[in-house]
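Look for chain A in each of the two complexes below; its partner is chain B in the first and chain C in the second.
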Partner chain A sequence: MREWARNHRWEVLLVGLLIATTAINIAITPVYLGVGNFINLFGLSVEKIIVAVVMAFVIINGEIDLSVASVMGFSAAVMAALYVGGDVPFVVCVAIAIAAGATAGLLQGLVVIRFGLPSLVVTLAGLIGFRGAARVLLEDTAVGDFPEWFDRLGQQPLLGPLPLAMVIFIVELTIAWIILERGSFGRKVYAIGNSAEVARFAGIGVTGVKLKIFVTSGLVAGLAGVLFAARVGSVRGDLAQFFELDIITIVLLGGVSIFGGSGSMLGVALAIFTVLNIRNGMGLTNVDGLIQTGVIGLLLIGSVLIPNLVQKARQRRSTPAIAHAPP
Partner chain B sequence: MTTDASAAIARPRRFPQPDRIKEISLLGMIAFSMIVFSFFIDEYPGARFFDRLTTSVVIVAILAVGQSIVIITRNVDLSVGSIVGFTAYLTGDFLATFGSAGPIAAIGIAIVAGAVLGSINGALVAFGGVPAIIATLGTLAVFRTAMGLYAGGIDITVDRLPDWVLEFNQRSVLTIGGFDLTLIFVITIAVVAFFQWFLARVRGGRRLYAIGSNPDAASQAGLPAARLIFLAFLTSGALAGLAGFMYLTRVGTISAAAGAGLELRSVAAAVVGGVSILGGSGTVLGAFLGALLLDELRLSLIRLPAISEFWIEAALGALILVAVVLDATLRKRLNSRWAAEVRRSIGEPAPVTQGIPEGGSADA
Partner chain C sequence: MTAIKRRIPAVALVALAMVVAACGGGGADTTVGADTTTAAAVTTAAADTTAGADTTVAADTTVAAETTVAAETTVAAEGPVTISAADSITGAFVGKCTTNPVFPQANDGAVEAAGELGSEPTELLGPADCADTTAGIDIVTNAVTQQVDVIMVSNNAGDQLGPAAAAAQEAGIPVVTWDSPIPSAEGESVYIAPADLSGAGQVMAEMARSILGEEGGQMAILSATPEAANQNIWIASLEELLATPEYENIELVDTVYGNDVPQDSQDRAEELLENPDLDLIMAPTTVGIVAAAQVVTQADECDRVKVSGLGVSTEMRDYTLSGCAPEFALWSFPDLGYLSYYVGYGLATGQIEAEAGQQFVAGRLGEYTIEEDPGRDAGLRVLLGPIKKFNADNIDS
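== the complex of A and B ==
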């Protein structure tokens, strides 16, 4: 246990933070412990955290995907445009929309791999381009009035008190944890993130792994876009705009290194709970959404800055000892 | 041997430097696309288009200069959009309170405020050891929140500002025919020229490239890397402050969301302009031309009758992708050609190239 704690200092810190925020929330408001509030706590950001789980794979793999929020909007727009067109059964619209998300991921992955371009640049182009494509499809209209079963899936409980999106999140998180930390694919993801070159020399199919991750990122973003549409009940061209920053913040707060090669699903899960907990607590006490954003921003910076400063101070204390050591 | 050393400094004449080729090809792309558009749009490219382009490009162009300086050191500044919003609001509030203040005082305040915010980024990255993406993603949120708290839900509106503010945007230095050379465009050109000169000719500027192309080697060579990275972020913040002032004069109404999204547009301009996101290469002039190209295409597409305005963003995304892919493939060749020419001019044999796995060096 001690050994584990030493190797997972970050996760231990997050657990502490989570307990502290929960305690504060309970102390502040009795509403917090209700089941309804817990559903509410997740419900309002469930699409973001669904995407964040896959973003962890992308970043551990040494890449980044800035396009996710635009792909969410794009997929939802594809679904809405097909629905307005009228000839396609709605189930097929949903399937095509999710496939469109996967295609967006495939396209960007291929460009990254084929031309050796940084994913930051390629997915930045994707961020602008797929948002543009969503606008092309819907112009400035809002599409709503989806079939009743679709709205019900998005808004009503499916399993106990849980709506579909949360069931998907729980299943996804479990699968992601197994794949990343219990399977050979996960080992490859870490190896590539540490050094793509070394991984290649070790015989790992680097391009294949990268492509799979980009496609999954697009696919899950597409799914999240559709779920968002189901929850809100209407689609516009600017659906999920600017979500990418929140999603990346959650992953980095979970202790995933922006340089790739390290991080854990447990850390990401804890970061998800912590961020939602903080936002929920502040929401219950009527703290402005703007301030919530600022607090998350400070937390993100502090999560890296404070350990760095502690380490620096520790080094400074230990340096004189070395200087005085006999030659 | 000293003669050999001085020969190494002399530039090979036969082959132009890759950066110059990049800049010339950007100019070529701007000219070419304008010629193509001129077949489809009436009275194009005329004085009105020139005036519209030169007044609309300034904000992103100035941000792209600061962004390039930061990217060249192998960092990135995602907080510039929030800095623009903050400084625009601060300057607007200042002018609304002190109606008699002139443009110089307003610009001064905007730049100083931007520099202060930029130095926070710089301190986090250079001295706190926080990766630039994390630090500036955090301050993107924090600066926006700070602005919101400061504003308290009250927007800056045009009627609270002195009359000169909105006229400043139109103030012209020189008018030939219908062509207005606006003051804000002249300021932008001056900023570009200064930093182009600084990065190409001044020791501090050259060192930024050294840090970006190989941080370890740079600090082993004794370069004050932390201090220079700090100054790069400070400069980016100061320029974002200047852009914030221009945003105020252009828009007049500053709400809590002012400037959001500009960070990614400035990165896009720099990258299209040939500044490598991996650091160590590219020029400020290239970034400026990148901003000019993107804005020229945007404004032209708006006027193209065959295309609805909704196509513009999609087209821009595709264009950025094409630009960086072309750049990556051509640049690799130009660089190796340039290196060969330099080696020949100093009489050094070509290195034995080993089989490097594909994608091993993604230096675009």
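== the complex of A and C ==
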């Protein structure tokens, strides 16, 4: 147990933060401890956390996908435009929309791999391009009045008190944990994130792994966009705009290194609970919007800064001879 | 060479996305039904963040007629209910954001009403950024958890707020929208509309005449974007009035668009100033009017060219007192918040019902009637009333 804690300092820190925020929430608002509130706590951000789980793979792999929120909007817009078109059964609209998300991921992945461009640049272009595409598809219109079964899936409980999106999230998180930390694919993801060069020499199919991750990122973003549309019952071109910030914040707070190669699914899960907990508490106590944004910003800076400082301090302590050695 | 090569994929990606989009867009266009278009027009208004004021868009010229009919058919026999202090309630008062000054102003009005009705003062809820359109959904959902008695919200999410509002109704919490409605009216008890459509054009014509006087003069319009639905309706009604004999001395020489961006608006205003015969810049947007007043003041041309239009009093105060913008107008946001709270309180305490024909008295604002909203296919509204004109005498009151 002590051994585990030493190897998972960040996770231990997050557990502490989670307990602290929960205690504060219980103390300051009596309505916090209700089944309904816990469903809301997750339900209001469920699409973001579904995407965040895959984003963890992307960042551990040494890449970034800034386009996820735009792909969410793009997929939902594809679904809405096809639905307005009227000739396609709605189930097919949904399938095409999710496939459009996967295609968006495939395109970006191919550009990154084939041309060796940084994913930061490629997915930034994706962020702008797919948002633009969503707006072109829907112009200034809002498309709603989807079939009743679709709205019901998004807004009503499916399993006990859990709506569909939360069931999907729980299943996804479990699968992601198994793949990342118990399977050979996960080991490849870490190895590539540490050094793509070394991984290549070790015989790992770097491009294949990267492409799979980009396609999954697009696919899941597409799914999340459709789920968001079902929850709110209508689609506009600005659907899910700026969500990428919250998504990346959660992953980094989860202890995933922005430089790739390290991070755990447990950390990401804890970060999800922590961020949503803080948001929920601030929402229920009517904290000013500016302060809410500031708190999330501080979390992001802290989650990147603190591990770096700790690492530097540790390096200074353990390797003074090398640090001061003459060249 | 390699640099160029490397750029190709990124360009190709964007281009491809655009092509895909363009094809799909064409398909969607041809098949959008009439009702979809209407909903869309209203949504545009709901999404408008700059003025916070631009609201009821989609109505047409038959508004007045329809309204009267609706009101007459269902008038309650017992006459207006005076909404008065009963139980102390808690209300969630939600703006599109907290950083646009009109929303704190509206909350001031709600606080005043809450005080008169013996209830907890409201605090303004909302995201910091008006571009954060879905924050209202989270806030409304949390308000249900908080078990508030009524939710009053300026909707920034279009129909996307519908399910959250419906969930509130299911929990027995009335949802009053103000400033900007839920286009589909799903989950909405009643919408407090700031102004009627033709009203703004009428007020601008009156202000132009009072500023230019008997001899009249040349006027130019500095609007938002060429596509801005609200502004275009107001400008059309203004132009209609200018064509009548009553306003024949006022000559509309130019209409330009600053896109509701301060810098663009200032550039357009500077170009307008180059016309040596210009007497008045009329800006039917809260961004444009400030930009025009700044440019005219900086150019030291306030004696020659005046500025008027729709503006926020706190932003226009200095220019009004300096005489550069002697008169401008806007619906009163404190009054809008005040009326919203009265209606919300009346619904929450069961003093009034959300149905067409319900008449009531809302404190210092007097008598109102709930009516079918002529701007939407469904939904009820209460019309705040005339647009308020501001000048040096009343700007500090």
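One rule holds in what follows: the second predicted complex is superposed on the first by the 303 of 327 C-alpha atoms of A that agree within 3 Å, B and C clash if a C-alpha of one lies under 4 Å from a C-alpha of the other, contacts with A are read in each partner's own complex, and residues count from 1 in each chain.
Operating definition for what follows: a contact is a pair of C-beta atoms (placed from the backbone, for glycine too) under 8 Å apart; a residue touches a chain by one contact, two chains touch by 3 or more.
On a predicted model such as this, the values are computed, not experimentally measured, just so you know.
With the C-alpha superposition on chain A as described, chain C and chain B clash in the combined arrangement. Contacts of A:Gly283 after superposition: chain C is touched, whereas chain B is not reached. When the shared chain is aligned, no partner comes close enough to touch A:Leu266: not chain B, not chain C. Of the two partner chains placed by superposition, only chain B is touched by A:Leu300; chain C is not.
Contacts of A:Thr249 after superposition on the shared chain: chain B is touched, whereas chain C is not.
Within the superposed three-chain model, A:Ala95 lies out of touch with both chain B and chain C [touch as defined at top].
Applying the stated contact rule after C-alpha superposition, one finds that A:Ile258 touches chain B and leaves chain C untouched.
With both structures placed on the common chain, the touch criterion links A:Arg200 to chain B but leaves chain C unconnected. Touch criterion not met for A:Ile24: it reaches neither chain B nor chain C. Legend: residue contacts after superposition of the two complexes on their common chain; A:Gly126 is shown touching both chain B and chain C. After superposing the two complexes on chain A, the stretch of chain C that clashes with chain B is 292-300, out of 148-156, 166-174, 274-282 or 292-300. Comparing which residues of chain A touch chain B with which touch chain C, the overlap comprises 111, 115-117, 121-122, 125-126, 128-130, 132-133, 136, 139-140, 242, 288, 290, 293.
The residues of chain C lying in touch with chain A in their complex are 5-6, 8-10, 12-14, 16-18, 20-22, 24-25, 27-29, 31-32, 36-37, 39-40, 43-44, 47, 97-99, 123, 125-129, 131-135, 137-139, 141-142, 145-147, 157-164, 167, 183-184, 186, 227. Across the interface of their complex, chain B is touched by residues 66, 111, 113, 115-118, 120-122, 124-133, 135-136, 139-140, 196-197, 200-201, 206-207, 237, 242, 245, 248-249, 252, 258-259, 288, 290-291, 293-298, 300-301, 304-305, 308-309, 312 of chain A.
The touching residues of chain B, counted against chain A in their complex, run 76, 124, 128-131, 133-135, 137-142, 144-146, 148-149, 256, 260-261, 264, 267-268, 271, 277-278, 308, 310-318, 320-321, 324-325, 328-329, 357-362, 364.
In the complex of the two chains, the chain A residues touching chain C come out as 29, 31, 34, 36-37, 40, 43-44, 74, 78, 81-82, 84-86, 104, 107-108, 111, 114-117, 121-122, 125-126, 128-130, 132-134, 136-144, 151, 154-155, 231-234, 236, 238, 241-242, 280, 283-284, 286, 288-290, 292-293.
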